[in-house]
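Sharing a structure here in structure tokens format.
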Amino acid sequence: MATLLNNPTYRGYAFQIVFVLVLGWLVWDIIDNTARNLQKANIAAGYGFLDRTAGFGIVQKLVDYAESSSYGRALLIGLLNTLLVSGLGIILATVLGFIVGVARLSSNWLVSRVAAAYVEILRNIPLLLQLFFWYFMVLRAVPGMREKWTLFGVFHLNIGGLHVPKLVLGETAWVIGAAILIAIAIMIFVAKWGAARQSATGYRPPVGWINLAVLIGLPVAAFFVAGQPLHFDVPVFNETGPLLMRGFQADSGMTVIPEFVGLLLSLSLYTAAYIAEVVRSGIQAVSRGQTEAAASLGLRPRQTLRLVVVPQAMRVIIPPLTNQYLNLTKNSSLAVAVAYPDLVAVGGTVLNQTGQAVEVVSIWMLFYLGLSFLTSAVMGYFNKRAALVER
Amino acid sequence: MNRKIASILIGATMALTGATAAGAGTLEDVKAKGFLQCGANGGNLIGFGATDEKGEWSGIDVDFCRAMASAIFNDPTKVKFTPLNAKERFTALQSGEVDVLSRNTTWTMSRDSSLGLQFVGVTYYDGQGFMVRKALGVSSALELSGAKVCTQTGTTTELNLADYFRSHNMPYEVVAFEKNEEVLQAYEAGRCDAYTTDASGLYAERLKLTNPDEHMILPEIISKEPLGPAVRQGDDKWFTLAKWTLFALLNAEELGLTKANIDEKKTSDNPEIKRFLGIEGNFGEPIGLPADWAYNVIKGVGNYGEIFDANIGPSTPLGIARGLNNLWSKGGIQYAPPIR
Amino acid sequence: MNAPSQTFVSDVIIPAQAPPRNSVGINGWMRKNLFSTPLNSIMTVILVVFIVWAVTPFIRFTLIDATWSGADRQVCLQSSGACWAYVKAYLPQFIYGRYPIGERWRVDLVFWILVIGMVPMLIPRAPFKRLNAIFLLGIFPVAAFILLTGGHYQFAGRLIPNSIMPPSPLRFAIEFGIVSAVILFFVGLFAWLSGRPIAGSGNVVGTILAGIAAVLALCSIDFGLVPVETANWGGLLVTLVVAITGMIASLPLGILLALGRRSEMPVVRLASTIFIEVWRGVPLITVLFMASVMLPLFLPDGVTFDKLLRALIGVALFNAAYMAETIRGGLQAIPRGQYEGAKALGLGYWQMMRMIILPQSLRIVIPGIVGSFISLFKDTTLVIIIGLYDFLGQIQASANDAKWASPVTGLTGYIFAAMVFWAFCFSMSRYAAFTERRLDRGRR
């Protein structure tokens, strides 16, 4: 008996069995309690409630939704809104983050100091506070509902949001879409051809110009061929009539609501500060010898940056960068604080109307977990490829 | 070794929480712990459930809890308040975190039937209304077509709003916030044309605006919002106690019993008053209370009319008229079954 | 003819010439750092304009146009600057929330105890680190708990049926004794079966049990403090309680999870990995929602948790997952030789971890731990979404108070909150950088 207990293998087994039993008991206990509590509260478990009529309005919807739509549809709207704000936020944060990160390494004292100040200020203030600040700041700064600021004659801004012309697709608009796809395919082909040509002859054909021509030319040609199937729906601004009717007419043009602007602004500014740090450490991770070697090989500074520094820095930058992207997506759930109807905000409303706490929370978790796992899968793939390139 | 420590800790935590574990009935539990745990409004709703700078609670909903504490302990101060938001209030009651939920909660069928609660009665007949800027020049909710409306999410107001605008074929846009602090800030900033919630809430929130006089509450009431306290389902004795505490408040007003005059009314010959004060019969015993429980309630907090006037009546900053909330004998619909 | 010898080598040292005027002094510095190229010059000018454009209104709002004193909102209604008078009036509430005024000295006392315990801990050269850590992680939480809540908990027990013995502290004591005896019995049995000295294992477990008993006993003593429910806590108090408790609670849990994820037992590894990844994959808000609306459903009938406690559980579990990853980084940084050496010396797993690995890896991860404390500290603001009034929540709630409502009140509150949070977080991040530099030096 003593030898058996002192044998690490058996002890390992025994420990794991006990571990599983305790864990199983805990989980079972939780499930059992939940079931009993739900039964007591007369709440039917299950996802059947998703088909019931929601009955509440949502301020921003990317696809059709009305009060008579189902809870499931409402959650879909929320999900799309989350994806929209995260997607745009990621793009903005990346651009800004790279600019600030590079600026921190600038030889210009003022530029690097301002970049450093940006990072240190934004990183050390809670995002929720920044969100409130930007949202209410935006609300206070812009003109009221019956007035507007106009930029370039097409962008109008007031407290109701940013009003821009809406692109309306005609019936044959698919032709343009197809043209864009074909253009992209041609561009990839041209790029490959150019690279092959360069390694064969040492002469680099003007790939960039050809591609630009293709990218612009083909869709424009398609636009006319298809009979100009695009037009803009311009927002209508009423200056007369009863006070309530003045201002931008509903359903005219496209409106970007201030909740979205506030959320997008705070998410991108906040995350950009983190991305800047990632970029800075990535660039610093490329040793100076690499730049010097490139210079001695006769590469120009721009070529050095493009062919030597950036590819190496990217390998260091991308893993923490994806982490920041995930953080931004998760942080977009703060939308609930400023009435932007994202998945968590809409889910919260559904939860409260139906009392289906377990189901709604499980939907939230599934979505965010799915997103994380997807990202880590993509990351794993990327790491493998990066590792292959490495000698 | 460390796993064992963890399990010991879990055990200890369980034992610790055991201190609050329920016994036979809510009343016994409340008596055992020596105070009533009352779920109140965490959003500082003036006149219904709010705290001042010193953390002192006041409001109609709060006073109902004090009335129950008076009935049980003959001491209106033996009550502790848990501030709750709209979302967590039902869970708090279901899980036993609070003994009674008195937080301007609308009595609806689904809440009564499928959330595991039971509404005790109606402390305030309310309805959903709209607040707009006077400058908007709107005098009726029917003119709000195309309006942007701010509201708080997680309440019935969102649904009523949708129903109202849909049934009148008016387009609208709803901006739904998580907390009423945010609704108010957004409305104040001009994000919305109208702010909708229970009319009583509108009166309370208007006081918090920079210039309350620039805003008005539209006459339309678009929904029935009977607000009242709720208790957990399945404890009839506790339910009865809560119900009759409310009835005692109403009956006292009807009988003319006030905090001030209740002692002299002890000599009254009116049999109804005698029964109320527990001089004749013992109506407290079946609900687990002393015979003079109703006397204690009124002595502790006053009658319904007094509570109303002190918290939201015309002489308060809210200045809400009795209206529907008057006694049935005075043109309202507040009506309580007799104590006999 | 003797021509005079000509020397072409100077026999005096030629004095060094001053560097060109435009490369020294402020002028040269500016040339070098601000206007080195045309592009740089343009950027400098643009930035200077931008700074003036952005900072001037801020300074005007916060300082020049600000209202510094007054009794109510009348002083701020017409003002276009910050309403500091409002912050002044509400400062106690921002710090203590609704904590009863007469009892606020208790909060102050806890705060000073924390400072006294913390400062020597943060100074690397201060002695008695071990005692200090025991004070901070062991004595301080209990003292703070009793001071803040008032203590005097009535443990009633729940294992023995009411019919045999009514709920009472005595019942709880008996139950605790029984549970302890059972645990000690199994420890003894295990030691006996594996042929080890029984006293050794028993001592450790016995000490821990005695410690728990002592803590529980302390909590049940009536110190004459008025009990203050957590519903009345608020402001900075809640922010600090959530952040510090979340931190202290997540540290041991994070260590266990990190060890579990690196364990050789597949089941343990899998469970730890799933736990860590699930919590790291979801936003804190959903965790808090879960803690506030779902946790009550998980518990048996009649068992309830305080709202603050529920949030704390959510925050601690959430943070533990992040902490586990930080600590795992530290564990991975320890060279293999250390593990092998420890095993070669015949140390068991826990001995190896306790005496060799963890002391080294925890030192490495100190900057990481401070970093995750900063994010936790910032994240505590999210508790306002489940209806707790932390520092930011208290500010937001008071900005709508009828007495102080004005167009600038809200913005003033937010700026004040931002400054306080920034001061906290920035100093902590400086400290993290300091420890990092120190570690680097040590390793070099």
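Residue numbering begins at 1 within each chain, and the chains themselves are lettered A, B and C in the order written.
Keep this in mind: a contact is a pair of C-beta atoms (placed from the backbone, for glycine too) under 8 Å apart; a residue touches a chain by one contact, two chains touch by 3 or more.
The structure presented is a predicted model; accordingly, all values stated were derived computationally and were not measured.
Relative to the C-alpha centre of subunit C, the farthest chain centre belongs to B. Geometrically, the chain at the heart of the complex, using CA-atom means, is C. One simple way to say how far apart two chains are is to compare their mean CA positions; for subunit A and subunit B this gives 43 Å.
One finds 38 Å separating the Cα centroids of subunit B and subunit C. Centres computed as Cα averages put subunit A at a distance of 29 Å from subunit C. Under the contact definition stated at the top, the residues of subunit B that touch 2 or more other chains are 87, 91, 94-95, 178-179, 182, 185. Each of residues 293, 296-297, 299, 301, 384-385, 396, 407, 410 in subunit C touches at least two other chains.
Shared interface positions of subunit A, i.e. residues touching 2 or more other chains, are given as 19, 37, 40, 136, 140, 336-337, 348, 351, 357. Per the touch definition, subunit C reaches subunit B in the complex via residues 73, 77, 93, 98-101, 153-159, 162, 167, 172, 175-176, 179, 183, 187, 201, 204-205, 208-209, 212, 216, 229, 231-232, 256, 292-293, 296-297, 299, 301-305, 307, 350, 384-387, 396-397, 399-402, 405-407, 410.
Against subunit C, the residues of subunit B that register as touching in their complex are 1-2, 4-6, 8-9, 11-12, 14-23, 32, 42, 44, 46, 51, 53-55, 80-85, 87-88, 91-92, 94-97, 178-179, 181-182, 184-185, 188, 207-210, 317. For subunit C in complex with subunit A, the residues that touch the partner chain are 33-34, 36, 40, 43-44, 47-48, 51, 190, 193-195, 264-268, 271, 277-278, 280-286, 289-290, 293-294, 296-301, 374, 378-379, 381-382, 384-385, 392, 396, 407, 410-411, 414-415, 417-418, 421-422, 425-426, 429.
On subunit A, the positions that touch subunit B within their shared complex are 19, 22, 37, 40-43, 55-59, 67, 136, 139-140, 144-145, 159-160, 242-245, 250-251, 257-259, 336-339, 341, 345, 348-349, 351-353, 355, 357. The touching residues of subunit B, counted against subunit A in their complex, run 3, 7, 86-87, 90-91, 94-95, 113-116, 135-138, 143-148, 150, 153-155, 158-159, 161-163, 166, 171-179, 182, 185-186, 189-191, 193, 233-234.
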